[in-house]
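Each of the next two complexes has chain A plus one more chain, namely chain B in the first and chain C in the second.
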Partner chain A sequence: MREHRIPLILLALLLVLPLVVTEPYFQHLMILVLLWVTIGTGWNLLAGYTGQVSFGAAAFFGVGAYTAGLLSHHLGLSAWWGMALGGAVAVLIAFPFGWIAFPLRGAYFALGSLALGEVMRQVATSWESLTEGMVGILIMQTFISKLPYYYIALALAVGSILLVQAVTRSKLGYYFVSIREDQDAAASIGINTTKYKMISLCMHAFLTGTAGALYMNYMGFIDPHVVFSLHDISIMAILVAIVGGVGTLYGPAVGALIMVALQEVFRSAGFGALQALTDAMGGGFMTVVTKYVSQAHVLAFGILVVVVIMNLPNGVVGDWARIKRAFRRG
Partner chain B sequence: MEVFFQTLVAGVLKGGLYALIGIGMTLIMGVMGIINLAHGQMMMLAMYLTYVCFHFLGIDPYVTLLVSVPCLFLVGVGVQKYTLNPLLKIESLLPENQVLMTVGVGMVLTEVARFIFTSNYVSVKTSYSDATFFIGGISFSVALTIAFGFACALTAGMFWFLLKTDLGRSIRAVAQDAEAASLMGVNADRIRTITMGMGAGLVAAAGTLLLPIYYLFPDIGGPFTRKAFVITILGGLGSTVGAILGGVTLGLAEAFGATYIGMDYEDMMGLVIFILVLLFLPGGFKRLTKV
Partner chain C sequence: MAILELHGVCKNFGGLRAVDNVSFAVEEGEIFGLIGPNGSGKTTTFNLISHVFPVTCGKVMFKGQDITGLKTFQICALGVGRTFQVVKPLKRMTVLDNVIASAFLRHGSMKQARAQAEKWLDFCGLTPYAGHLARGLSIASRKRLEITRAMATEPTLLLLDETAAGLNPGELDEAIALILKIRKSGVTIVIVEHIMKVIMSISDRIHCINHGQTIAEGTPQEVARDSKVIEAYLGHGGGH
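This part shows the complex of A and B:
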């Protein structure tokens, strides 16, 4: 029970948090964090535990989101059916992709997955009779309050962490790690590497697709450039995992919190602090600064990638001991 | 039939430039064993340099080659020396952290360009941008033909350099076996730095040559990184001859795709080829040519 103490306390806090903090903006950010916990955890399973770095999270995210949206748009079903089907459809996409791309290793696999994301975006843009192309899909949200979405996102995030925990403690997890450490050695002791890489990919696709379906239900609007975005989905998923800690159970959760907070600080120019400063100083130079800062979140992400890879190669959770030591010394 | 030959010519000419992009990528691939995901972004940087030189100083793009290539060489050297080489010594779970690093570098380059030049489209309109000449009823774009000539000359120079000079031999040695090369007294870190610089310089040349007939905005890097990657996969990883064949094939595929299927599908062609190659010819043209 002891090792579960901190996560359980955190979970209890998260359960009551939206009841205490009723600000919709804050609840919205928390929902985003929880969505990213799910996506980052899924990516971590594929990349952190199985060693297959993928730039294709957006493909599965978008497919999940479109599954939910199109069920509602064409068949008139509730988009919540997408929560059940989105992950499954993403797995259906993952299967042929894995079959084509798993002979590739390392960086080539990464680029194959990048191509998958681009193909899916092109398809969603061009196949207008199905997806409405660039116009996007608009559905009615079921709930006005953010609370139901919050709890569903929380359940999904907790579920994904529990799944990864269960996997890493099973034989399956050891197979995954052996593939990451040395694929040839793993194959030579009789592990069917393609099969286990495929299982890992399918779990990643399922989690990401389900998160995409929830995104559709929550936001009510998607278009190809939002849900198949390379920077905002695929690379964000990678950042969430590497900032928090690749190959650690709670790394993506920590990373999601940091990344969403960072993104929002830039997008809102320091939660409006810079804007206030501008007004106080009477425009001019500060107006320009505010404008740049609010556009700079991608630049900040780029710099963050460079800094994190150089200084914290195993992320905040993976290098926690090092961070603590550095603080004690300094 | 005329349309067919016209498309063929357009494809081959464009393919020459693609080959230039691909050779840089494949060199980096061969020596470092990584894919440089900032390749197109480096090209974008060279294009903006060309744009600045033309727009503010009135220098012809072809003269700008003398500026953009050395500048990008230095950028490549800096990237390798200060971000990628240190990573070789860092222990990490992810073997691909060098590739992720190039993604970060690419993002920084794109956003810096966006800060300075905003997201607007710009172009360089020279007297020869729209000029054409005719051979047997088939039109040749003047700018594209000159670019093709430059591309061939640079490629030939590159081959001579790799085959005949000491530095070229050292680069090939590191590509074959970095450890063995180190034992023979080759400074592998220095070779990696120079190779990255050369890759960046080559793609800079391609960008500068392309600008008179193309347009420019900060996000142009991404599509070209993907093209470079498709060329490298098509040609076979680390194969220079393969990169040339791959570049021309991609140029042809795009031209024919645009003519016979539809303009919308020009960008799709690369991805389709990519998947076909993986399915039917893993290893690319390298497997056929053995070089």
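This part shows the complex of A and C:
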């Protein structure tokens, strides 16, 4: 019970948070954080625990989102069916992909997964009769309040963390980590490496696809560039896990909070502070700065990753002891 | 009955024939030594048995069953354990977790696998290191971990690839004692080794290869006297 104390306190706080913080803007940000907890946790299972670094999270996220969107758009079903089916359809995509890509190792697998995301984006763009192409899919949201979405996202995030925790304490987890550490050694102790990599990939796809379906329901609008985005989905998933701590249970959760906050700081140019400064000071220079800062989050993420990898190679959670030491000294 | 048989096994790497028509049969319960100068194809032969890569021609039989086309993990499941010459510890796992991962092959539950792993750590003398990360181990302990991990898959045939290389004399005696203990527990052993002290003292029979081809087979005494073996190791006698 003791080891669960902090997570349980946090969970209790998260349960009452939207009742206290009623500002829709912050509720929106919290929903995004929770979505990224799910996606990052799923990526962490495949890459952090099983060692198969993937640049393909967007493929599964997008497929999940489109599953929900198309069910509503073409069949007139509730997009909530997508919550049940989005993950399953993502697994259907993951299966043949794994079949083709798992003979590849290391960087070659990563490149294969990068290609998967791009292929899926092209398909969604070009297959207009099915996906409406660049026009995108617009559905009616079920709820006006953000609260239902918040609690569903929270359930999904908690569920994904519980799933990973259960996996790491089982045979499955031991096999995943063995494959990460040395694939040849893993095979030599009787592990069917292809099978277990496939299981890991399917879990990743399922979580990411389900998150995608929730995104469709919540946002009400998707297009190929949003949900199949390489840098906003696939690379963001990697950053969330790396910043928080690859191969740690709570790493992606911490990473999601940091990354969403950071993204928002840049997108809103310091929550409008920079704009206010510009207005106060006037002058062309500050106007240019404001304009570029709000577009520079990708660059900032790149710098952040370099800093994190150099100073905290195991992420905020993985190197927590080191961070505490540094603060005590300082 | 022969537990392991190789029938005319060969392996080409591009134009290089690394293993050329090697045949031998290992009897149940014996320690079978595989020797030869550097680059003679010993490790390649091991890799062909456990199917790290496929044979070019020939056949490998285990307990009368053709295992030539099977995958590494399937061969392990049938009861062939192996160690690697270049040790492959699961570095960021503890020694205990390394062995638990192995024990899961025969024991499905966490509790059983852990109990088995502890048993094998004790058997191989690694219990004091159970909580250490595998990457922090000395070379002697790493070699021992390789053996422990292989034993935890409960093999009937164990392939040991240079488990004595890089050990000091004291560690060498301990390694020999462990190998004999494993044999005594009923496991057949095929061992590749460079250190003559080890191979000559523990092998029942020895098979010697050079340039991928068989040049001698027999008891340690017979092989040690064989002129082709002496020539392979020491070169042509006199006149140069």
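Just so we're on the same page, the second predicted complex is superposed on the first by the 329 of 330 C-alpha atoms of A that agree within 3 Å, B and C clash if a C-alpha of one lies under 4 Å from a C-alpha of the other, contacts with A are read in each partner's own complex, and residues count from 1 in each chain.
The rule is short, and it goes like this: contacts are C-beta pairs under 8 Å (C-beta built on N, C-alpha and C of every residue); 3 or more make two chains touch, one makes a residue touch a chain.
These numbers come from a predicted model, not from an experiment.
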*Where does A:9 make contact in the superposed view: on chain B (first), on chain C (second), on both, or on neither?*
neither
_Contacts of A:135 with chain B and chain C, given as first, second, both or neither_ = neither
*asked:* Contacts for A:298 in the overlay, against chain B (first) and chain C (second): which applies, first, second, both or neither?
replied: first
*Which one hits more chain A residues, chain B or chain C?*
B
*Would you sort A:188 into first (chain B), second (chain C), both or neither based on which partner it touches?*
second
*A:326 contacts which: chain B (first), chain C (second), both, neither?*
neither
*Of all residues in chain C, those that touch chain A in their complex*: 50, 52, 71-73, 76-77, 81-82, 84, 88-93, 97, 100-102, 104-105, 108, 110, 113, 149-150, 152-153
*Okay, in this complex, where on chain B does chain A touch?*
34-35, 83, 86-87, 90-97, 99-101, 103-108, 110-112, 114-115, 222, 226, 229, 233, 237, 264, 267-268, 271, 274-275, 278-279, 282
*Flag every residue of chain A that touches chain C in the complex, lowest number first.*
169-171, 174-175, 177-178, 181-182, 184-193
*Of all residues in chain A, which touch chain B in the complex?*
47-48, 51, 53, 100-101, 103-104, 106-108, 110-112, 114-115, 118-119, 122, 126, 180, 230-231, 235, 238, 242, 246-247, 292, 295-296, 298-299, 301-306, 309-310, 313-314, 318
